[in-house]
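See the structures that follow.
Each of the two complexes below includes subunit A, the first together with subunit B, the second together with subunit C.
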Partner chain A sequence: MKNTIDRCGFAAALAMGAAICLSGPVSAQETFKVGIVTFLSGQAAQSFGVPAWDGGKILVEKMNAGEAPAPYDKKGFGGLVIEPVVIDEAGGATTQVQEYRNLVQRENVDVVVGYVGSGDCLAVAPVAEELKQFTILYDCGTPRIFEDADYEYVFRTAAHATQDNVGLVRYLKATGVDIETYSGINQDYAWGHDSWADFKAAMGQIYPDATVTAELFPAFGAGQYGTEISALMQRRADVVHTSLWGGDLQAMILQALPRGLFQRSQVALSAGDHSLPPLGDNFPEGVIVGARGAYGFMAPKSELNDWWWKIYTDAYDVMPVQAPYRMAQALLGLKLAVERAMEANGGKKPNSEELAAAMKGSSWESPGGRIEMVNGNGHQAIQPIGFGRSMKNDDGHIVLGDIIRFPARCVNPPADMKGIEWIEAGFPEAECE
Partner chain B sequence: MDLALTIIIDGLIYASWLFIVALGLTLVFGVLRILNFAHGGLYALGSYGAAVAVSAFSGWGLGGWFSLVAMFIAALAVAVIVAPVIERGLLRFFYGKDEVLVLLITYAIFLMLEDVTKMIFGVDPYYVFEPRNLLGNVELGSLFYVGYDLALMGLALICGFGVWFGLNRTRIGKITLAVINEPEVSQAMGVNIARVYLLAFGLGVFLAALGGAFTAPLISVQPGISVSVIIVSFAVVIIGGLGSIPGAAIGALIVGLARSFAVYEFPEAEIFIIYLVMVAVLIFRPEGLFTPVKARKI
Partner chain C sequence: MSARVFTIAALGALALIALGLVAPDWLLFTVTKAIGFGLVALGIVALMRGGLVSFGQGLYYCAGAYVSGLISNRLEVTDVAILLFAGALAGGLAAAAISPLISRYRGIFFAMLTMALSMVLYGVLAKVTAIGGSDGFNVASPSFFGWTPGVAKADYALFAAAVVAAALAAALCRLYFDSGPGLIALASRENELRVEYLGASVFTVTQRNVIVAGALAGLGGALNGFALGHIDPYFSYWTTSGEVVFIAILGGYASVIAVFGAALITELVRSFSGQYFPESWQLSLGLFLLVVIVFLPRGFGSLWAGRRGGGAREEPK
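Presenting the complex of A and B:
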């Protein structure tokens, strides 16, 4: 009889212990699984996917060790050890939807942070909503995510592409570039066409008398741009705009350099900072460069940015460019959201609803400046953006100078307007001072 | 006038590059009756091989003109190493089988080559733009052209003439032509058909790799470069007529000039125009412009 009572007591104690573990504050061993999706192979790997995860990896390592500066100095996510599960984004939208379901339903990740490709973001967002899975889109640029739909569980912690081209035109004006004619060379898919449309619309507002002399749309991954370069040079525009990226951008620069395009026109790269490390001192001088944020050479001076720059360069011996910055701002925002949700629920690991409530409308400091989730009903970030001009420093190395940063509300539409409508309406409510 | 000159020069440069690549494709089809989808993967291997070889030569103090030698050696190495593996190890088991099946086999090889290339060379890009500076710049009309790009026209002519001469004016070429027309009779006459097939396939691989090697200084060599080249090469050989060397030359010329014209006048139709030309040709000449005449067997 005593044995039976003892057994019952032991079983009850076990059950109580388990219940405490499940419902009480988290133990130090409990993990928070983060599904990371980014390009590890293919065209976008070297420019975006690999450096993004390089940045994520070193940041997770530092956060798990509790070595990040305040307010990110609590170990892991509120004491939960961050456990990344990394997936290659290559393969197209259909593959990514399958991979997303795998991450959520088989790997049981707590959060998915991912997607460089706009098509992947557009495909995955409705699935995240269907599965009620808290998801952060950390990189993709299409404005359509929150302009064409509403989501409860999906967030984007980086501004969309409108700011890139509005900011670029504002930079041209601010630095006194005289423009009577301009041309564009952009990839023949959504990103290239949208970028060119935004740039043209912004030019129409800020340089209303300027005319277009050439609009070129080479295929994604074309590799050879000899004919396009001839066309651009023959049309002799004052400014040549391009949103080319990755290998396409590097190939275009390498092919245009000996032919004198950079001497004949002011070339402006809306998202070209990631070409600086691979091309090094072969990068041409005098080119206007954007990074889709205030990143790299264009990041504002701050303790957080100094720390971030140091851990990244120490680990990889190369400067961080746009993709690792965007991964960092997503993970830092996620960390604060998890910890805020844990404060609200008594210290338990938060579920998707609690995370969404904590992230919605939030704001936080990142190495590239303040991220504010104010658009898309509190799901879409706006952020400051910087531009610079390539030049040689005292050591003869190519860096960016003449840097100007524009505040988030100067280059992003207000919450109730679509990007292109905002530009065409003459930037109402823009706050540029 | 200046515009027309520019369109023609740009078209010729692009056509030259296309012809070097498409020449190998059409040669392999002409001899082995194989639509070799793996051609794009071999082109990529040539690019990577050239990038590595030029760096290695440079490391040994053999820069400058030696880099062109390095690129040539890289293309040759790809042919010598890879062609026997693919032809003897796989393709020979499918000779005489349905052409669609063989196409699928070469597509499988293409996919494998993609992964093998990534395994060997990684996903980071390679840059070898130094050889492009060797020939300086040339002013034509109102524009500067890079001498290296113009020299591609010479390389295309050498490749085209070399293959034509080899097939029509040499003993081994005549044997190859005999094998194309009468494999059984050739075999009965003592011709080692397997060797002819290997030689023809090896030459096809060499031309693919050579196209890739001499393109490497123009681009950042990275995963994905194989896809676009194979599609546009197919368009060229289909326009010219499968298996025809003059056809490949004319096909490349038409595609190059049409694309160049489109970039200036209808830039949004740049990709479309290549396939528009292909459709237009196939409507009137379903076999392509220069399909080789087949001897009727009794």
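Presenting the complex of A and C:
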């Protein structure tokens, strides 16, 4: 018994000791500490979390070396070395609130950039406000963040989900798809329901005579879609809408392929570009694909995008999809905000108030086009969005063609309107030219 | 006996509240959350003493969080004592409603049935968009007997409330475990048939333990809801229940204090390994659990309470 106690006491002491040593202040003064939170395990890791951090890692490396093109060519953030601290987003909103507090109160990070999950964003935003900590939400889609509350220290550098489905319907119209009937297969949680509601509302405006033949909501992570595919085949519709993502989307595509769903209906993926690299040439032809922004194949031609595409593909041997683009636009916007704040305060490392003042209402060029922080009282970004159709290129590989990009103000609500109200009011003030 | 237990609990609570004055903010929050989980684990300990393990405590944990959170949001009742009591009551009532159904089952059937019920609640809450659906909703910080602490003091105030709730729960559980009905639970763990022959009802014992465990889980859920400021259906997800079962196993059933220590250590190990090994934190957490199970098969509590509570000669089941 004595032995056991000693051994355990020793193990516990070792663990605690290690924890205390590791947590001690080690950062030198000239670093800028960025807490990065993204999925490194779980369902959203392969499609969003890991590619996002891959993109962030290579971008931070290049920015620290001062190798990014102008206006991002200063070393680090205005000369401060960027020191990332990465945390896994898995475990749900409760774990994330705790880890967020640890990042801020224990690790003393200067900024937190993170969160793919809408629930995580909703949970973390009020905590950020309470701790007065400058925080960037880089990916999550729910419009509720700034539509339901006002924040001073919280920013979202990507457009929310309204544009995904408004843009998709505009693309259907612009490419002349005739629609008398449509159906939807979306996951049975907030993202799936919100996406379908936005799509249906936008269809009601642009295709007022089209009718719904099937609304299917398989469970999140279901993996088996045989029944749903049968229902979609039987209630044949001109267009099948889906906001599925990740493993669920891949499973659905692979199971629908041999049954001919893609020949029978025009399938439209509102956010499915990240399934292109893993499926490769197994990806069906003729599918309409969105990326939640003008990303990847849909990105506008620019020096910045060429550079970004090159550093990403050189490092990982795969094309960047939506998540790394969104991480990049967050970090680039943050870089400019830090540098503007340093200009204003005489070159000191800026605090949260100075960063928030510099970020509010700003705009910057990203590989996916211009990001403008104009909604949510200057805290919520709008951005252009692109869509394409899968097709074989000359080498027989699947790529996206027929690409159309819509300007930010064509697919995003104006500052004073909620997304769904804007759609139902018939897109007032939309600027599509 | 009871005076001594309450004195120890009061002294322990005062000491912790005093320590809280010098502890860093992040630790205060982590301890508060650990206490929330520890309360749920204490409920599992009550069940374990009767020879049962529930994989579905998330059900009562979630019920406590949602009920207290909705009372705070919709009825604008903000007092921490009322809200925590409401959470415990909700958990206890939910358990009372379910207990006649599940108390007949034993072993893996009991565990899986409780888990299934908690997943039913998860599925229902994820669909109800009026209370946030799968994204949940935010709750404001509670007030403390008419006093509304500012942002700077809110963490500390809730920590103090959590310590008081934990001390009270631990003291009451100690008294219950050492009372006649509590000891019969321990006996039914050993031999249910013999307990029945002695004239006690194993069904009643189990039912009582299920309700105690439900109330404790509801209290923990209410506490964590306010600590986190956000409540979502994930509270009822099976992984939440699983995490608490691990804490209960780490703590062991001999001591009512060990579960809180086990909860805190689990939180710290998870948090630090998450930070230093972000891509393999599950591995380090798993190794830690293995080490504890190998060297302390009856949990942390057996370090100091091995000869108490009648557990000394028992082998783990």
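Brief remarks on what is shown
Keep this in mind: the second predicted complex is superposed on the first by the 404 of 433 C-alpha atoms of A that agree within 3 Å, B and C clash if a C-alpha of one lies under 4 Å from a C-alpha of the other, contacts with A are read in each partner's own complex, and residues count from 1 in each chain.
Heads up, the rule we're going with is that a residue touches a chain if its C-beta (ideal position, glycine included) is under 8 Å from a C-beta of that chain, and two chains touch if they have at least 3 such contacts.
Here the structure is a predicted model, which is why all the values come from computation and not from measurement.
Once the two complexes are overlaid on the shared chain, A:Glu130 sits against subunit C while remaining clear of subunit B.
Once the two complexes are laid over each other on the shared chain, residue contacts for A:Met233 go to subunit B alone; subunit C is not touched. Once chain A of one complex is fitted onto chain A of the other, the partner contacts of A:Gly223 are limited to subunit B, with no touch recorded for subunit C.
Judged by the touch definition given at the top, the superposed model places A:Gly119 against subunit C, while subunit B stays out of reach.
Of the two partner chains, subunit B is the only one that A:Leu254 touches; subunit C does not reach it. In the superposition on chain A, A:Ala344 makes contact with neither subunit B nor subunit C.
Using the contact criterion defined above for the overlaid structures, shared-chain residue A:Tyr189 touches subunit C, although it does not reach subunit B. Contacts of A:Asn102 after superposition on the shared chain: subunit C is touched, whereas subunit B is not. Of the two partner chains placed around the shared chain by superposition, neither subunit B nor subunit C is touched by A:Ala425.
Judged by the number of subunit A residues each one touches, C leads among subunit B and subunit C. Within subunit A, the residues touching subunit B in one complex and subunit C in the other are 40-41, 188.
Looking at the complex, you find that subunit C touches subunit A at residues 24-26, 29-30, 33, 126-127, 129, 132-136, 138, 151, 154, 224, 228-230, 232, 234-235, 237, 239-240, 265, 267-269, 271-272, 274-276, 278-279, 281-282, 288, 291-292, 295-296, 303, 306. For subunit A in complex with subunit C, the touching residues are 1, 4-5, 7-8, 11-12, 15-16, 18-19, 22-23, 40-41, 85-88, 92-94, 97-99, 101-102, 104-107, 118-119, 122-123, 126-127, 130, 142, 144, 188-190, 193, 220. Within the complex formed with subunit B, the subunit A residues making contact are 40-43, 45-46, 50, 188, 214-219, 221-224, 226-228, 230-231, 233-234, 247, 250-251, 254-255, 258-260, 278-279, 282. Against subunit A, the residues of subunit B that register as touching in their complex are 2-3, 6, 9-11, 13-14, 17, 118, 123-125, 127, 129, 132-133, 137, 142-146, 149, 215, 218-220, 222-225, 227-229, 259-260, 263-264, 267-268, 270-271.
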